[in-house]
Amino acid sequence: MPWISALVLLPLLGALSMLAVPAGPGGAVQARIHAILAAGGTLVLMAIVVGMFDRDVAGLQFIDHVDWAQEAGLSWDVGVDGISLWLLALTAVMFALAIMAACWRLPERPRAFLAMLLLAEAGLMGLFAAGDLVLFYVFWEAMLIPFYFLIGMWGGEGRARATTRFVIYTMVGSLLMLVSIVATAFVAQDITGNLTFSIRELSGVAFTDTQSTWIFAGFALAFAIKLPLWPFHGWLPDAYRLAPILVTGLLAAVMSKAGVYGFLRIGLPVFPEGADRFAIPIGILAVIGIAYGSLLAWRAPTMRLLVAYSSLAHLGFIILGIVAFDVQATQGAVLQMVNHGIVVAAAFAIVAVINRTAPDDRIDGIGGLADGAPRLAGVFLIVSMASLAIPGSNSFAGEFLILTGVFRQHAWLAVLACAGIVYAAVYMLRLYQSAMNGPRRGGMASKAELRVRDLAVLLPLIAAMLFIALWPKAIVGATTASIERAVAPAQVAADRPEDQIRATVEADPPPEALPLPGDPVPETTTTTPAEPTP
Amino acid sequence: MSLASLAPLVDAAAVGDPQEGVPLALYLAVSGGLFLLGLLGVLTRRNPLLLFLAVELLLNSANLALVGFSRYWNVTDGHVFALVVMVVAAAEVVIGLGLVVAVFRQRLALDVDQMSSMKG
Amino acid sequence: MISVLAWLVLGLPLLGCVILSLWPGEPDRRITRVIGVGFPAAAFVLTAIIFVTLLGRDAEDRLEIATLWNWVQSDGLSIDLALQIDPLSVLMMLVVTGVGSLIVLYSTEYMEHDRDYRRFFAEMGFFLFAMLLLVEAANFFFLIVGWGLVGLASYLLIGYYYDRPSAVAAAKKAFVVNVIGDIGMVIAAFILVRELGTLDYGEVFATAPEGLGAETGVATAVALLLFVGAAAKSAQIPLHTWLPDAMEGPTPVSALIHAATMVTAGVYMIVRCNVLYELAPYAGDLVAIVGAATLLMAATIALVQVDIKRVLAWSTVSQIGYMIMGAGLGAYDSSMFHFLTHAFFKALLFLAVGIAIHALAGEQSLDRMGGLRRHLRLTHAAVLVGCLSIAGIPPFSGFFSKDEILATALDAGTLGTVLAIVGLVGAGLTAFYMFRLFFRAFWGPEPEGGYAHAPHNPGMAMSAPVAVLAVLAAVGGLLQIPGVWHPLKDWLEPTLLADPGLEATTGGELIVSIVSVALAIVAIGLAYWIFVADPERRLRLAGAATGTRALLTDQYRFDEVYEEALIQPGRDLGDTLTNGVERYGVQGTMEGVVRGVIDTGRGLRVVQSGLVRGYVFAMVAGVVAVGVIFSLVMR
Amino acid sequence: MSSLNVVASTPLLITAGAATAAFTAGLLPGRTTRRHGPALVGIAGIVAAMVMSVVLWDDRLEAFGGGLRADRFSALMNLIFLSAALLTILLAWREPAAVDRRGEYVGLILVSATGMMLVAGAGDLITIFLGIEVLSVSLYVLCALEVWREKSLESGLKYLITGAVGAAVLLYGLTLLFGATGSTSLSAIGDQLRGTAFTDEPLVIAAMALIAAGLAFKASAAPFHMWTPDVYEGAPTTVTAFMSTATKAAAFAAFLRIFSGVMPDLQADWSIAIGAIAVASIAVGNIAALVQTNMKRMLAYSSVAQAGYLLIGVAVGSIRGAEATLFYLLAYGAMTMAAFAIVIIREREVEDGDTLGALDGYGRARPVLGAVMTVAMLSLAGFPPLSGFIGKFLLFGSALEADMAWLAVAGAVGSMISLGYYLRVVTVMWAPGPEGGPRKILPVPGPVGLATLASGLGVIAISLMASPLLDACRGAAQSLLAP
């Protein structure tokens, strides 16, 4: 069974099925059923994939390959490995929760809203599953469209500007990425003699330093904007502020992982030399982003902005983990992607709850809610602590692994990044305390108390936080083989000591020899002349 | 594109058969002059009728060159081409005159500069 | 068996916390009491069983690792979710669960009038869990986890009265300062991972001498970074400012967390890491110096504080200074001994003072106290025991433990001698400020206008723990008598892998004892002379040395300096970034580019004049341009 | 040389015949006959011509002594022209200019298409010029067809004047090319220019410059584009739609025929200049479109920019480039037609239907039309996986393959700018709109709706069927470049 294709196509099918739903109240019920079936089905499929996933395989598993336009080298090529597994799972879970929340209290024009959510899910699923550069780009751009509509049609005042900024800014980078993708294929064709966009086949092609650097730069800009990496975050505040908060949650929880994923999936394995050249600059930007995001979060006037800027800081840690070229840091980064997704989604869910009683979102405007809303206080506390990565939380597990790894490679970057942990405490406590503690400043606590539908979203997230806090190995363990292989080329390029490089750098087998899903992985070695190992 | 760059052709014409008569270079010089004159006319005239006249100059300058080249290469293609161009020029002017009549019937000024309601 | 017990000890308080938190609706207070006290008490009983079991074994056999599961494994670093049961952790567990149980028992009555009864016990349970995790952890990672979680518990309990802005601010301060400490420890852990590839105590301590090397920069860095964590948690200069503010929490919290247990975690950690500190003697010296400076500073501040709990808070800072000084010098067992006695007498003091505060309906100012001994006789006696103990009057416990640190210090070279002298001065100051507190609250005249309500005597739940602690404070010092016996030291022996073997000489003991007791008696006399003999004298003296007094009252103005030098600039930077870089740089650049493009578009609109001859001209120009390009490209 | 070989010219003859028939039908008595007769005749003719084009797909024939060719390239281009003509006739079902003068309208459209087919199949300089003039002259009339409207007249006159100058420039270029080679037959010229002997021949250089300029005018490439917005705005919108799709395609057919087909060896000489025109078009078109509020003007500038992208494929001069240009022409035709279709529908409903404001909230009232417009805009902007993306992808690819990365980068930067206006349309379409929905809504006439849907689905279908279509484009490019 084409598991991964099903994962991508089921939400798409769900979205298309909305066309068959009649308008009116009867249709709303039907729309709910369609959406929940699609999202829930995806979640179930995802669970099955997680269950069947083979943790010892480094490469892609469950590959589905169909040619699309061979002449141009385009094809449908999806699969999953240890890196994408958890991002797919994160996407499936987050969208299932989001759709559940949306169904619980439908916005206006529910069919379109649910259809857009499902389209976004399909886009992100496809992005994380894509094994082909063009397909990756297709999903990279395609998911913008549903988000564009979600912000543009259901957003707050001033959303037109926000959406345009969001999309233009993101596309600015990605169009250069398109050029880079095409350039990659042709340069690789010059080297190996066959035209392909398959990431598997391209990683291992011996690009020259210059080629690698320039093409990587094209990719890196796109990824940096998507992340966003400081100072490419110009689109972020408006988009996060003006999107419907459900969508903001999804942007922060899932979409922001696309950029990091790009670095890890494409940047490091395919362009190790380029990645090496940019590693320190990106690391510095990440550290600046940590401090900058934290300071702005500290002074942010509204709750959403605070969480938005905190997200900027958190993503700084994650990308820092990626550019360290350290297996441990990278594993931490992947773990932290999952963590951040869970935590920031919960944070926005809580902001949404508080917004019920403080619709203007201002931090000054609320206070002392804990008195009448003890459940909220408790859940909020857990989420705040997870967000500021208190030792013992799931985020701490991620940050610890990241920073240990970064410290091993670039101690100074890790030490600088550590300062961000202090800031995190300052701004998260500011948010928590000003909302929950102190004298009552406005807002009715009873309105903000968690109801069943809030708990239905928050409790699974908190359960996930606790689970990861107690046993991160469940997540980390599955990534080992894939990450070791993904990082190895960059480690070689960066002249890391032999004992840190845990995978041999070699090109993938040519397409004919690709294993079918379910086949044992053959031991064939490369026939391509590329062999970057010195 | 300056006339100086036509020097090779001038040479070619000069060393050619004296029976050929007018050398190609002169055809081209006149043709080029007509073309420039036509362009100048299009650029300076505001009356559509005069503009069409200038356009005729442009097309006929090409005709002259076509005929000259045709003679130079001693083929008939250019002549055929010139005939086609004449027909086309006639058609264009017919359309132009038709438009001018329509404009006139709408009581609009016969001044291309005043026909600028659409811009930007 | 011990493994299971160790996990049970850890899990019981947490279980209590979870049950209380998730109890639907507001549970009956009796149920809250049973759960809130029962689970810690059960943990204490189990700890006692562990203790007895270990006692029955040979000294070498007293180490037990209880692994639950492999927590994470990444690139060679493997971290187990594991506990380490050894004499040091058992000692800590005994104190934590023992004193903890007493204090929650006390709280059942103390917190009687509070709305959030259940939340208090839930949070206390959580604290006990976190503290036990801290002391039981088998590796640095879970040490840090416990370290962070006690910070959270402390935050919650300081901010217990969350509608009080001062409490909220104090909680935040405590949390942030502790996070700074956490970072020190985290970075130390990074170094350990990089250099040694492991965080397990056993492996770290076994490989550190080779892996880090003695007296190397790396070892010193690790030791100092760990000490940053210790300084934050144990309120040492310069990270001490949160502890006095932490008195915003309920008094039982101050007694348990901010006196007896959590704040001494730094001492525990240094003792635990004795191997590392022995590899970094300079770091050890610095630790000792910081400890000494802290003890002196805190003692001087305590001289003038009016808030009764603040006096106790500063005295705690000062006493921990002794412990840190001792640990820094290598007198690990003495430090632990002082930790033990301090847990008794400081908990006693807080709880007894708490009775007074409770009796006065929350009044904490010494200015509105006086003559309480007539109302609260037993409490008066208990406070007296505590004061005598902390002042180091034999045979109360503080005398033995404090003098042991100072006497050992004399054996530690010139630095030790100097620090011992500082410690002696501090001891004198301690006796003075404690008896100032004692005389002003319990002796002397009643405050003007008398008490609105006659102070009432506490019930059994509050009295019993005080009584037990009073006994312990009185006799606890006998656990270790120089030259007679030292069971504590023997007990800790297996964990002190790198004990430098400092030994208090009999001569040293004698000198220290005599001097300190003499100083204490003089100080007590002075206090009596000022505060009791003639109550007016205090007011007359208050006019003298106003500048110094103000400095001390302001607690050396650390807070102000931090506010001015660190926090406000941070806020300003944040605002500058928001209003400058973000608005004009990040957003502005983007908008500027967009505006530039749009302006170009407007310009093109102007060029598009609607004049057809203009269009033709553009075409002609275009032809020329294309021609130029062609001729340029032409070879 | 002397054989007429009519078979090769059947599509063209059928179209021309249909045009004549349409003219005639328009003169027949009976209101219904006058109204529907020409359209039906025209549609029948178009379908027949399309069938013939498909039938001729695998042949390589010449007619009129080499003046007209029937190869895959011309067949593919014929299909584009004919489809555009068909859609235009359908879209014009209720267009005032077309309703009263259906015979003229359909006839002129078909004549214009005949001219385009002449260009696409040209085997001779004369055919090229003749084709271009035939298509232009009928368009001049079509533009001014609404003689009662000042703007329509202005548009016709402006187009005529600039068009005449453009044609003259082209003609002069063709003349010089003839002068340099001594032949008007493309194959003969191609033989002459084989090798690099002519690279420093000033006559050839001048010819190339003038031809490039003349064709760039037809393709509305900057700086020869300035007529485009005015003419597009003033002309009846269906005519605009036809111009922007079919005429542009014809211009590119000529570009490919002459530059890629006849002088591939001189590619190094002309690629820079054509690339420069491409970059200028991308820049000017996109930037100017940003500030437009009239949909037709905006689409006009957008078509300038799109011409720039298309020129990338010409500039690289390779089979891959031609293939990319052809594919993009297909996609571009579908998406532009779809965009204009919405404007046409909206124009019937409200006075200022061609402005952006008229579309405010239109998508909410008319979701299907909104979806078509959205798809068209996103495709024009190059969002994957729509056909516009695949086209751009191929164009950029051809540029990079030819080591002309600067063209790809320019295209990418231009695409970024283009988002500003394409997405604005989408935003406006789906905005809440004025109170009570868009001002006025009329039922969409069947043929118009059919054409709109067909164009919208075409945008999607072209991307889904990219593989067979690319095969076709490659075949066409090969027939052009690798005879």
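Per-chain numbering from 1; labels A, B, C and D assigned in written order.
Definition applied: contacts are C-beta pairs under 8 Å (C-beta built on N, C-alpha and C of every residue); 3 or more make two chains touch, one makes a residue touch a chain.
The model shown is predicted, which means the values in this text are computed figures rather than measured ones.
Peer 1: Between A-D and B-D, which chain pair shares more contacting C-beta pairs?
Peer 2: Of A-D and B-D, more C-beta pairs in contact link B-D.
Peer 1: Give me the ID of the chain with the smallest distance between its Cα centroid and the all-protein Cα centroid.
Peer 2: Per-chain C-alpha centroids ranked by distance to the global centroid put A first.
Peer 1: So how far apart, in whole Å, are chain A and chain D when each is placed at the average of its C-alpha atoms?
Peer 2: Roughly 42 Å, centre to centre.
Peer 1: Measuring centre to centre with CA averages, how many angstrom lie between chain A and chain B?
Peer 2: Computed from C-alpha means, the inter-chain centre distance equals 64 Å.
Peer 1: Would you mind pulling out the distance in Å between where the CA atoms of chain B average out and where those of chain D do?
Peer 2: Roughly 27 Å, centre to centre.
Peer 1: Could you grab the centroid distance between chain A and chain C? Build each centroid from C-alpha atoms only and quote it in angstrom.
Peer 2: Chain centres of chain A and chain C, defined by C-alpha means, are spaced 38 Å apart.
Peer 1: Enumerate the residues of chain B that touch no fewer than two other chains.
Peer 2: Expected reply: 1, 39, 42, 112, 115-120.
Peer 1: I need the residues of chain C touching at least two other chains; which ones are they?
Peer 2: Where chain C meets two or more other chains at a single residue, that happens at 594, 605, 608, 610, 612, 616, 627.
Peer 1: Please list all residues of chain D that touch 2 or more other chains.
Peer 2: 157-158, 161, 165, 205-206, 209-210, 229-230, 420
Peer 1: Chain pairs that touch, all of them, please.
Peer 2: A-C, A-D, B-C, B-D, C-D
Peer 1: Using the touch definition from the top, list the residues of chain D that touch chain C in their complex.
Peer 2: Those in contact with chain C are residues 157-158, 161-162, 165-166, 169, 199-200, 205-206, 208-210, 212-213, 216-217, 222-224, 226-227, 229-230, 268-270, 272-273, 276-277, 284, 287-291, 417, 420.
Peer 1: Which chain D residues qualify as touching chain A in the complex?
Peer 2: Those residues of chain D that touch chain A are 323, 378, 381-385, 389-390, 392-394, 396-397, 400-401, 405, 408-409, 411-413, 415-416, 419-420, 423-424, 426-427, 430-431, 466-467, 470-471, 474.
Peer 1: Write out the stretch or stretches of chain C touching chain A in their complex.
Peer 2: Interface residues on the chain C side: 21, 69-77, 81, 119, 141, 144-149, 151-152, 156, 159, 162-163, 165, 168, 171-172, 175-176, 179-180, 182-183, 186-187, 189-191, 193-194, 570-571, 573-575, 577-578, 581-582, 585-587, 589-590, 594.
Peer 1: Mind listing the chain A positions that touch chain D in their complex?
Peer 2: 67-72, 74, 134, 137-142, 144-145, 148-149, 152-153, 160, 163-164, 167-168, 171-172, 175-176, 178-179, 182-183, 185-186
Peer 1: Of all residues in chain B, which touch chain D in the complex?
Peer 2: 1, 5-6, 8-9, 28, 35, 38-39, 42, 48, 51-52, 55, 58-59, 61-62, 65-66, 68-69, 72-73, 75, 77-78, 80-81, 84-85, 88, 91-92, 95-96, 98-100, 102-103, 105-106, 108, 112, 115-120
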